[in-house]
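For reference, the structure I am asking about is given below.
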Amino acid sequence: QDADRDLRIVVAEEVDLLEPCMATQSTIGAVLLQNISETLTYLDVRGESELTPKLAESWTQNDDGSWRFNLRQGVTFSDGSAFDAADVKHSFDRMMSDQIVCEAKRYFGGMEVQATVVDDHTIDFTADPAQPIMPLLLSLMAIVPSETPIEFTREPVGTGPYVLSDWTPGQQIVLSARDDYWGDAPAVTSATWLFRSDPAVRAAMIQTGEADIAPSIAVLDATNPETDFSYLDSETIYILLDDAVAPTNDVRVRQAMNMAIDREAFIGTLLPQDALLATSLFPPSTLGWNPDVAVTPYDPEGAIALLEDARADGVAVDTQMTLLARTANFPNIVEVMEALQQMLQEVGLTVDLRFLEVAEYQRIFKKPFPTEMGSVLFTAMHDNSKGDPSFTMFFKYASEGPQSGTDDPKVDQLIEDASAATDDDRARLWSELQAYLHDELYADVPLFHTVGYARVAPQIDWRPTIATTSMLPLGEIGFK
Amino acid sequence: MTHDPDIIPAEPGTLTRFRRMLMADKFALAAVIFLTIVVLMAILGPMLLDASAQRQNLRGRNAPPFDLDQGWLMILGADALGRPLLSRIVVAAQNTIMVAAGAVVFSALTGTLLGLLAGYSGPRTSQVILRMADVIMSFPSLLLAVIVLYVLGPSVVNLIIVLAITRIPVYLRTTRAEVLEIRERMFVQAAQVMGASRWRIAMRHILPVVFPTLMTIATLDFAFVMLAESALSFLGIGIQPPDITWGLMISQGRQYLTTAWWLSFWPGLAIILTTLSLNLLSNWLRIALDPTQRWRLEMKGRRS
Amino acid sequence: MSSFIRKRAFASLISLIGLVVIVFFLSRLTGDPTDLFLPIEAPEEMRQQFRELNGLNDPLLVQFWNYLGDIVRLDFGVSLRRAQPAIDVVLPAFLWTLQLAAITMALVTGAAIVVGSLAAFRVGGIFDRIASLTSLIGASAPDFWVAIVAIVVFAVGLGWLPTSGTGTVWHWILPVGVLFIRPFGLIVQVVRGSMISALSSGYVKTARAKGVKSRAIIFVHALRNAMLPVITVIGDQAAALLNGAVIVETIFGFPGVGKLMIDSVLQRDFNVVLATIMITALAIFIMNLLIDLTYALLDPRIRY
Amino acid sequence: MTDHLLEIRNLSVEFHTAAGTVHAVRDVSFHLDRGETLAILGESGSGKSVSASAIMNLIDMPPGRITSGQVLFGGRDLLHLSDEARRDINGSQIAMIFQDPLSHLNPVYDVGWQIAETMIVHGTPRAKANSEALRLVTRVGIPNPEGALRKYPHEFSGGQRQRLMIAMALAMKPDLLIADEPTTALDVTVQAEVLSLLHELQQETGMGVLIITHDLGVVAEIADRVVVMNAGEIVEAGITREVYHNATHPYTRKLIGAAPGKGRMHQPGAEAEPVLQVRDVVKDYAGFRALDGVSFDLMAGQTLAVVGESGSGKSTLARILLRLDEANSGTALWKGRDLFTMPPSELFKIRRDLQMVFQDPTQSLNPRMSVYQLISEAWAIHPDILPRAQWKARVAQLLQQVGLRPDMANRYPHQFSGGQRQRIAIARALALEPKLIVCDEAVSALDVSVQAQVIALLDDLRKTMGIAFIFIAHDLPVVRDFADHVMVMQKGRVVELGTVQQVFDAPQQPYTQALLAAGLDPDPDVQTQRREARLALAGA
């Protein structure tokens, strides 16, 4: 019976590092977050998608815009030391340190943040400019004990219910439950991560009983409704349009491109049946997502007419464009891109297709955009499972945004306002921006919110969520 | 058969002789026919079928083979974008053969020449060549591809170069190993005594002995290169969709292996059959070129 | 002999240094690891900080100088990705690959020599036809086909073997089996070709006149004479395996050096790339040295 | 009838070639009894080796085909035995010495292993086989037998290899020994030893010997009966004496009449210019001195015969003069310039002037080239000799001059007999119209009539074109007929050097004397007398 409490999880990518401050990287986070390392707050996507207490029992915004967190008491790290405000401060400082490059740091870019210990169980975070979503941001920071040196560690220590008990690089990572955990003891006593790049193999391993959960299998293999479950994986596919160069500097051309694509045709063919058509770069579960914005209907004739119109006005509609994609970015990418290319060509645009290797793609996918390939159309995937559009909007649409093809004062203003606003205001402003971008600016070509498929052995009680790609809290897993 | 013993009888032309020997080996004959078809496909295919190979039809995606309702082009089924696999295989032949033949011929030629040089020159030159081969041999092809991609930019020629370079050492080392032994044979020394140049000895006396082995390796390298090419296309070097090769078709069909086997099966079969044909042909050539073995073909020709 | 080895070791050392220099500089032309290490949304200050911390801002020559200094102290640097000495990453992976390659090549060599020799013994016979055809089809079939089909059949369908991973002997069967196929096909053909010539030579007649059994004629008299190209090609195939059996490693979740290499190249984890190359290169150099010694051992006419 | 040890009945063998069928052996019948020695004489290419191979079941079929006949051995037809049964007989009851030892020894195994293997496959324990191998190698007169066992075939001289083959064949003391030209590469003293070894064994075990030879002296010495073959057929058979004295068939008579050693000896004029001056040549092979201070002069248009012990360094000398091996020290001035220090470019230019006919003709012909290609390669390399249009005619002419038919030009080396190959090699050397030809046992595989024709040709060329020859040979009568000067070698040294008359009529050195004394006479009667005298001497 005891053996059944061991869980084997097979994932695609090997985990290179188990560094808490890198836990925002999904492969690392999937193992670390809420298992070994915990955060102050926790975005619970199972229920209403709301922020819940974890190591912080409660938080309030002070009058000066800073945030006060009251920490949970009686919590110990797996190394035995007690958890207190100093640990939180150390975790934050360590994350922000210039001795190491922590990925989580990027969420705190563009602001000055100060962590101030008030007492052992209270800590203040002061940001300039004020951060309405500070509690959400802190759901991304894994807490480490204050003894943790400021260099990458391969032996993570945290307050979570598990400790790292074996790590054989390339083969497996084993976590086992600790008995002095502050919360409820989880059902899973130990969990082993296995790494198999091939989706078919991962699917097969559940079938043969070599693994219990495969969080990501290919849609083609997801044929058994008993074990295979789809979930929105928070990734959005879109095409970035640069409004600084011809012909995408003309709104009619941008609109025509949106109209030229038969998005419906992809669903259930090249993309899974459960994928959603997108109107924005963040999924519907995000704050301020605007349900009234409708997908641009497929209308090739309309597109042709628009382009005619633009051409008549002297817009260089026939300029050579290059549709760029990152190799193996998502399943079926080659077919999807070929279909997109064909659809754009059918309305009379001149579109080349090119696939780039990851490094090269990453290198050029930021401003200033390359010019030697004509007007470039980046096909990209964007991931925002964090629940707030601010993780998207600035980067992708602000005139200063590093991956923005948009340069529009109204957009800039809306972003600034929304970022500073809270609650309903915030939601309303984001909604407005979403509609403006989609329906008036045609700023880019949003395509799909993709879904993933997980295969779960019959005896396991667990369902994937939108957070599954970046986090896999073992505590949520039960046995039937 | 009577002839005047005092004159050298005229030989039937080389072509006639080889034709007869080819007729005598049914396998080789079939191979030649198949290869001719492939070459024709490579030359004419893109002209004839390019349009149908590119016409997408998402409704008819992954259409199964042997269903003639959609027209004869659909006999092999359709790919994930509903394009007829038959047209695509025909059209892809050009790029496939160009890249594979380019890479194999280039590596075999370079490797063989360097091998002859290494086997037949002073110890210093030979050392340099061989250590270079060592280096190439331990140079991972993927890294090479990425480097070439970045330094020289993507193109079909660069793809061929990358594929070729990594295969040079096997020809080089094989040739050189054989030369080490063959150069000790008496007939090589006899040629030396006649004043034959090193070049002539290498070409006329040594190469013919090594040639069949090199052919064997080269024919199998064909398959290897066709498959490896798709792996490099993945990096963005060389052939890019919507251009197509058999290797790319296979790798695109990979995920459908268990649900729509035909996507990667037919191009795979094309590669297998091409390799097989080349190999049967090289085995035939091995015998046809070896006077002490040639009777195997000549006798059969006579009997049938 | 020992002076030959000493000279050779020295030459190989120079090659190794050359290899390091080439890889060091060329790989750095292939882009900045910063773009890969940090997400696309990371601000420029963070990128700058990353470059600073990892010495990527230094002039290339300074970087190289530092690297050389470390290498001399046998410090291969730290993996960017893993925050761990590169050598600790590479060595275990290399040992896995080494075992895999050794086991596979041992089996391939044995089987291919037997099958190829028997095929050559009766050229055109039924055994020859079947052996050649099957080995060739195997050798030109895409390896992931074979791998996936093998998993579907033996692991999922029959449940005889585990799908993937390591641990027991059973885990080795599928990877070794899949890796076996291509070198087997190639070497069978090389053995066969080489043996056809060897079996028609005078000393084989002598052996028959002595009353030597067919088996001994094939495997003792002819085989040793036919071995030069064979071991060369075996060496080539072994090197290919040492350089990484990527497909097999990825599909079967085998923690070898091939996948590590691919990942590190794609991630521009230069220290790991360099360490991997140095270790595999060392292995390949040693192997080639052994092969060259084997030439002399097999054929007394070859002297160095 | 059936109590013959071996009986061949109506054997016919043909070969398929691209140009048509070659009838190599036609309806041949003969027999051999226990303890008897049967010699097969005959024209080069008349089917002797093929017949022997047929007995051993070594003809490659196809392309060869035994169209009719039986080979009865101990009452069983060898042509219809199972492979298994054949294997038991081969090597143990019937053994064969091949005509061409170099290509019939496995180059990658040491000779000790190869000799012992014969015994091991027939059930002798390894240790015993090894000691027996040592004994055999000692018996056939290989120097330093222990060391020799661990050497490889290419490290031996032609004659030594031939003796190793003999040792291998005798290992199991077979009932029937088929010896295809077993002594062509042996000097007369060693030849005498080998023949007496055969004789002894014959006495001891009643072994039947089927010997194929061109050397009428050898026939006279050991054959009880002779069979004469011509063009694939037996033209004459009988007791040796009878055939020698009362040959009926014109071919046989021609053969006997052509026996060398009866002509006038050359009288070289002293005024000739030396073209080649060799001084103090030394060659070491890993601790073994193969040549030890060899010096001689060669005049233009003259023939220097080199005779001497097998293994005395004759072939080594030839190879060194042609720069196929490097001398350790010494000089060889060719028209005043030293061949040994010549840079490759210069060497290249004089290559065509110096030609060589190798001791092992099979190995020296590229098996992938037809005779036409082999000979015309000379002109492909040196296009100034002959315009391409005349190649065919010239090849035909050369083939005829060496006694081959031009219609053989499209055949490949493996389709020829040993003697025919040797003639192809000669034709090739002549094609270059050189100034010097080194003939290493160039006529040893030719029957005396063809030999006479070839020697006459060479002599003619010497006179008309002024070609000089270094003529390495064991066959003293041929040397006597053809040479101007004779150099006698022993253990890497020149022991005697003089005009042919000096050496043959008044040999100074004991070794030369022994050599001349050991010569065999083609007349069986004379030879019987000599043998008796020798035996008497040995008995006394």
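Here are some notes:
Think of it as A, B, C and D in the order they're written, each chain with its own count starting at 1.
The criterion applied here is as follows: a residue touches a chain if its C-beta (ideal position, glycine included) is under 8 Å from a C-beta of that chain, and two chains touch if they have at least 3 such contacts.
None of the values given here were measured: they were computed from a predicted structure.
More C-beta pairs touch across the B-C interface than across any other pair of chains. In whole angstrom, the spacing between the mean C-alpha positions of chain B and chain C is 22.
Averaged C-alpha coordinates put the centre of chain C at 50 Å from the centre of chain D. One simple way to say how far apart two chains are is to compare their mean CA positions; for chain A and chain D this gives 88 Å. Rounded to a whole number, the gap between the C-alpha centres of chain A and chain B is 46 angstrom. Counting only residues that touch two or more partner chains, chain C has 30-31, 148, 152, 200, 266, 299, 301.
Among all residues of chain B, those that touch two or more other chains are 146, 149-150, 184, 257-258, 290, 292, 296. Shared interface positions of chain D, defined as residues touching 2 or more other chains, are 154. Chain pairs that touch one another, listed by label: A-B, A-C, B-C, B-D, C-D.
Partner chain B is touched in their complex by these residues of chain C: 11-12, 14-15, 18-19, 22-23, 26-27, 29-31, 123-124, 129, 132-133, 136-137, 139-145, 148-149, 152, 182, 185-186, 189-190, 193-194, 196-197, 200, 228-229, 231-233, 235-236, 239, 243-244, 246, 261-262, 265-266, 273, 276-277, 280-281, 284-285, 288, 291, 295, 299, 301-302. Listing the residues of chain A that touch chain B in their complex gives 199-200, 218, 220-221, 265-266, 269-270, 327-328, 331-332, 334-335, 337-339, 341-342, 353-357, 360. On chain D, the positions that touch chain B within their shared complex are 16-21, 62-63, 102, 154, 319, 322, 324, 348, 351-352, 354-356, 358, 360, 363-370, 372, 377-378, 380-382, 392, 395-396, 400, 405-407, 409-410, 412, 414, 425, 428, 432.
Across the complex, chain C meets chain A through its residues 30-33, 35-46, 49-50, 53, 79, 81-84, 89, 92-93, 96, 148, 151-152, 155-156, 159, 162-166, 250-253, 255-256, 259-260, 263, 266, 268.
Every residue of chain D that touches chain C in the complex is listed here, in rising order: 53, 56-58, 60, 83, 86-92, 95-96, 98, 100, 103-110, 117-118, 121-122, 152, 154, 165, 168, 362.
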